[in-house]
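Shared between the two complexes below is chain A, which has chain B as its partner in the first and chain C in the second.
Now for the complex of A and B:
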C-alpha cells in the first residue's frame, strides 16, 4: 500500500471518529437532562457570550448540587452542550440544526443577542423544540406567533420608556422635547420604537431623530445639533460603543442636557472607563444587584452577585444574571410537568409564574416575560470612584434621581 | 456650520495620515493593503495598554509607531515579500487574510470590549462657546500635520527617500543602479505601519477602540488615495481634509445614517469621473 493511500485512509478514519464523537449523546440519558446552547465564544459578541455561558454554568452547578431536577420521583442532573456560534447568525442557525438533528437535543437555551436569537428561533419552532432564552430582547421576536420561545428578559422597547415617563414627571407632568440617536440594528431600533410610543403617550415632541451607523465612532454632528436645539432629554442607544462615544463627546463638547438616558452602561463598564465624565447618566438595565427579589437557589440578587464574583472573579453584568435565571425556569417547568416529554414541558413553561433572584417571571401568549419591569440606574460618583445607583422604579430605588443634570460649568 | 467644518478638517488630517501610508505602498509596491485599518486599531491598542499601565496615552504617539514599525517589518518578511511581484489580486487576498487574522487575534488578546483611553486634555471654546474643540482632536491634527511635514522633507532629502522615489518610478532601473529594492519595500511597509501606529494612538484618545472597527479606516484611506492619486502627499492631505469636511456636512445635513453612505456615493462619483476623463484622454491618443 502506498504512503498516499495510508494517509488517505487514516484521514477518513479520523473524520469518521470525529463524526461519531458528535453524535449519540442522547437528550436524557439515565440521569441527565441535556440542554443545547450556541453561544458566542469568539467574534464580536465574545465578551457578552462569556457572561451568558458563565451565567448558565453557575446555575447548572447550583441546581445540580442542590438535588438536581426531580421528575417522576427520579433526580436528574442538568448538562449543557455548548457550541461556539462565532457571533455569526448563519453559524448560529447551523449549530441549532446540528444540536437538534445530530445531537438529539430536545431543550434549548438561547444565544447572546437579538440577532442570533432571531436566527435560531425559526429552527427551534419548526422542530417544536422549546427554547428559554435570556439575551434576545428585540420586539420582533414576540410578534411572529412563536409557540416554543420563552424569554425571561424584558423586551427592548421597554428599556428606556421609563426614562421618558420620569422626564415628564420631573417637568411637572408637561410634555418634554426629546432628542435621540440610535444605532441601526434590531435591538437599538426597538428601543427607539419604545421611545416613540412613550412620546405619543405623553404628548412629547421628538426634535432630533438620528440613526447611527454600525461603524459609529463619531457623533459630534448629532451633539452639535443637540447643543443648538436644547432638548429636555437626550436618548442614546448603540451598544457599548454608542455609550462610550456619547459620554466621551458629550463631556468634550460640554453638551448640557437635563437628562441623558442610555443603554449598555454596565456592559461597557461606563462608570469605570469614563469615571466622573459619566456621572448623572441614566442607564436602563434588566437587573441590578440591589434589587430585593429572591429564590431558594441563589437567595437574593446580592448573594448572586457575591457567588458569581467568587466563581468567576468579576461582578456579574445583567447578561449573566438573566442567563442563570433561564435555568431556574427550566428546572421549575420540568418539575411542574413531571415529565421529560417536550410538549408537556412546553405547556408547563407557558404556565410559569415564579420569582427568581433576577425578578418575577410570567410569560404572555408570545412568550415574553411581563412580570418584571426594567430598572434605571444613575451613575453617581464619590471622589473618583463611580457607582451605578438604582433610581427607578421608585419601589426599588436605592437612591434619589438627580435632576436636572448639573451644567458642566458647575461640576 | 463652523463647527462642522473645523471638525471635518481635524478629522481629515487624521485620515490623511492613514491614507498616506496606503498611497506609499500602492504607489511603490503596487500593494493595496486591506489590513490598513487593523494596523491602525492595533496601534491604538498599544497606546491603550500604556494608558492602563498608568502612562499618559499621549506618549503612545511615540511608542506605538516604534512597536508598529517592527511589526510592519515582520509582516513584510513573512508574508508581503512573497506576493509583491505577483498580480495585484494576490496582494489583496494576502492583506485581506492578514486583516481577518488581526481582527481575531486582537479579539482573543484584548477582548471584544469597546475601550477608550482618557487623555483629560480638556476643551477649547471659540466664538462665545458656540464652537467646541476637544484639545485631543486639536492635538491629533497638530501631530498629523507635523508628521506629514517631516515625511515630505524626508522623502525629498534623505537617501532612503530618494531610493523610494526611484523605486516608485521604475523598480528595475533602480535595482540596476544599485538600489536595494527589497530594503526599500520593507522600510515602506514599516513606515506605513508606523504611520498607522501614530494614527491609532490618536484615535484611542479621540474615538473608541474595538477589534472590529478597522474597516471604515481602510475604506476612507482607499477613497482618499483614489481621489488624490498615488505618491502625492499634499494632494493626499488636501483630499483627506476634504473628505473629513464632506463627511461632517453630510452628517449634519442629511443625518448620521447617511454619513458612510455619502462617502461611498462620493467614491462612485469620483471613479466614474476619473473614467470619463480617462476615456477623453484616450480619444486624443487615437
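Now for the complex of A and C:
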C-alpha cells in the first residue's frame, strides 16, 4: 500500500463530489408549476414516446398562452422536466426517484407504456407524489391499491374485446375461432386477458395463442400456423413495432384471414407506412379525431388534430391526444384545489369529472378513467391514400365495417 | 495492515457511512453505484482473475431478484394471486412480515444462485475461450425469455416487490435502509475477494488464466476451483439482485432482472475500464462509469449512448489495460515492481 492509492482515492472522492454535485436544481420558481416526466426518447418505444412528449408540450403551450393555471388568485405557468427512460423500466424507476428526490418534483406525468408506468408507480406512491398518466393501460396498475395514480385512458383489456363481439355478430352469433399473438409485455399481455374473457363469454375457441419477443421483428412462425388452421379472427398486439411487423409479414406471406384486429395502428402510422397493404386492418384506439367531444382549450377533437398537425407536421395519434388531456386534468385539479399542496391536489384529482376534446374523464377509486369508451377503426383506402375510419361504437361510426376481409388474390 | 492502508480504508468507510448525509438527494444513485461495484467485482472473478469471459453472470443477478421478491411475498400471501394482473385483492405486509420476509429472502437470494451456479458450472465450465463466452451469453438471454413465460412470477407482466410498510419511519428511512445494505454488501464482497485473492485460491485462479493445462498438469483440480469461483460470484450477485429488486420496486424479466443489454454489458465494461484482473480496478471502473453515465444522462439527453460509445472508444484506444493498467505502466514502482533500466537499455541496444 503506498501513496499512489491515497492520491487515487482522493481523486475518486473529488470526481464523485463534482459528478454528483452538478445534477441538482430547484424545482419551482415563483410562478411556475414544474411537472416531472420520464418519456422514451430512445429505444423500442421512441416513436410513441415522441408522440407522448409532443402531446404534453402542445398542451403546456396552450394552457400557458391562455392564462396559465390560477391558484390562490395568482397565475402559474406549467413547465415539464423531461428525462429519457430509454424504454427501459429499470431506468424509468431510477429517473422517477431522481425527479422526486433530486429535482424536487412534486407532481408527475406518466411515461409511455404500461410496463414503464408499472415501474414508476411504486415510487410515486411511496413518495406520495400524485401522477396523472396517459399511457399506462394495464389492468394490473389498478389492482395494487395505488392512491396517487390517475389514468386518463381506458384499461388495456377493453381494447379488443369489442372486436371479438363484432366477429361473433358477423358470424351470425355463433362462436368464432381465434388466433392470437401478443408481445411479452405488460400492456399486450393485458390485451390478451381481455380476449380470453371475451372468448369465454362468447364461447369462442382459441386455436393459436403465441407469445412474441420484445424486439418484435419477425412473427412468420405464427403466421405460418395461421395459414394452416384458418381462424376467423387474428389478433395481434405488440405496440407500434408489432403492428408494422404484422402487416408487413401478412402481406408478404399473403395470409388470408376474415378479420385482423390490432392495436397501435395510428401511433405507427400504419396507413402511411404500408398503404394499401394495411387496408381492412381493424384497430383499437383511445381516441379519434372524428369524436364529438370538446373543451375550451383545444375546442373539438378535429381542431386538436389540425393544431397538432400545424405544430408538428403529422396527424396526432391517440397517444398524443391522451397525453395532452393529462395536462388539462392537472390544470383543472390545481384550480379546484386552489392550492399547490400535493395532498390537496391529489384529493381534487380524485374528484375530477370533466369533458376534454379527448373524452370524458372521471376516475374510480383505483384512479382509472371510467367515463370514456374505446373506439374501433378500420383502415380504408381510396386510390393510394389510406385513412382510418371509425366503425364502432355506432354513435361515431363514419363507415361500415368491411367483413370478411377480401382475399389477397382479389385485392 | 500498514498505516497507509488503515487510513485509506478508514476514509472510504467514513465516506461511505457519511454519504447519505453529505448528499441526501443522491442516496439512490450512490446505492446503485455500490451495487455496480459488486457487479464489476464479481464479474472480475471470472473475467479478470480466471480468464473466463462470462457474459451470463446476469443470470444470477436475476435469479436472486426473483427469489428474494418471491420469498418475501410467498411467505405470507399466495404468490400467484399477487402477480395475477386482474387480481381483485390488495395484499399488505405488516412491518414484521416485511422485514422477516426481506431478510430470509435476501439470504436465499444468495444461496439459490450459488446452487444454480454449481449445477450449471459443472457442465459449462468445461468449455474454454469463445465457446464459454457464447454459452454463457445464451444462458443469460434464455433466462430472460423463460422468466417471461412463467405465470407464477408474473411472466411478461413483471412483478412488483412488496412496498415499504406504511407508518414506519419517514420516507428517508427506506432509502437509508437500502443504502446501508448496499454499502455493506459492497464492503463484504470487496473484503471477501481481497482475502480470497491472497490465498491459494486466488493463485490457482490466476494459474488457470495464465495456463490452464499447465495448472492441471501440476495436479490442481482446476474444475473445482472454477466452480467455486463461480459460486462465489453467484452468491454476491444474487444478493445484489435481491436488493435491486426491492429498491426498484418492479421486476421486469428482460429489462431489470435478466438485463443482459444493460447491467450484463455494464459489468464487463466497468471491470475493463478500471482494469481487469486487479482488485481495485473494478471498484474504480464502476465508480468512474457510474459518474460518467449519470453525467451524460443529464447533459447529453438523447445523445447519452453516443457519448457513452465515444467514452468506450477512448478507453479502448488510450487505456486498453484499464485505469489500473495505465497507472501500473506509468508508475510501476508504486505497484511494487522494479524496472531494471540497464536491462531496458541492453534490449534497446540489441535491436
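Side notes on the structure shown:
Following the convention adopted for this analysis, the second predicted complex is superposed on the first by the 380 of 411 C-alpha atoms of A that agree within 3 Å, B and C clash if a C-alpha of one lies under 4 Å from a C-alpha of the other, contacts with A are read in each partner's own complex, and residues count from 1 in each chain.
In the analysis below, a residue touches a chain if its C-beta (ideal position, glycine included) is under 8 Å from a C-beta of that chain, and two chains touch if they have at least 3 such contacts.
Quick caveat: nothing in here was measured; it's all calculated off a predicted structure.
Of the two partner chains placed around the shared chain by superposition, chain B is the only one that A:218 touches, whereas chain C remains out of contact. Of the two partner chains, neither chain B nor chain C is touched by A:229. In the superposition on chain A, A:273 makes contact with chain B only, while chain C stays out of contact range. Once the two complexes are laid over each other on the shared chain, residue contacts for A:126 go to chain C alone; chain B is not touched. In the superposition on chain A, contact is made by A:42 with both chain B and chain C. With both complexes placed on chain A, chain A has more residues touched by C than by the other of chain B and chain C. Once the two complexes are overlaid on the shared chain, A:315 sits clear of chain B and of chain C alike.
By the touch criterion defined above, A:184 lies against chain B and chain C together after alignment on the C-alpha atoms of chain A.
In the overlay built on the shared chain, the residue A:66 is in contact with neither chain B nor chain C. When the two complexes are superposed on chain A, the residues of chain A that touch both chain B and chain C are 42, 184, 211, 213. Residues 2, 4-5, 7-8, 11-12, 15, 23, 25-30, 32, 85-88, 90, 92, 145, 148-149, 155-158, 160-161, 163-164, 171, 174-175, 248-250, 252-256, 259, 262-263, 280, 284, 287-288, 291-292, 294-295, 297-298, 301-302, 304-305, 327, 331, 334-335 of chain C are the ones touching chain A in the complex. On the side of chain A, the complex with chain B involves touching residues 42-48, 181, 184, 210-213, 215-222, 224-225, 227, 239-241, 244-245, 248-249, 252-254, 268-269, 273-275.
Residues 3-4, 7, 11, 104, 107-108, 111-116, 118, 123, 125, 132, 134, 136-137, 203, 207-208, 210-213, 215-216, 248, 251-252, 255-257, 259-260 of chain B are the ones that touch chain A when the two sit in their complex.
Chain contact summary for the complex, chain A toward chain C: residues 1-6, 8-9, 12-13, 15-16, 19-20, 22-24, 41-42, 82-84, 88-91, 93-94, 97-98, 101-102, 115, 118-119, 121-123, 125-128, 138-140, 143-145, 157, 183-186, 188-190, 193, 211, 213-214.
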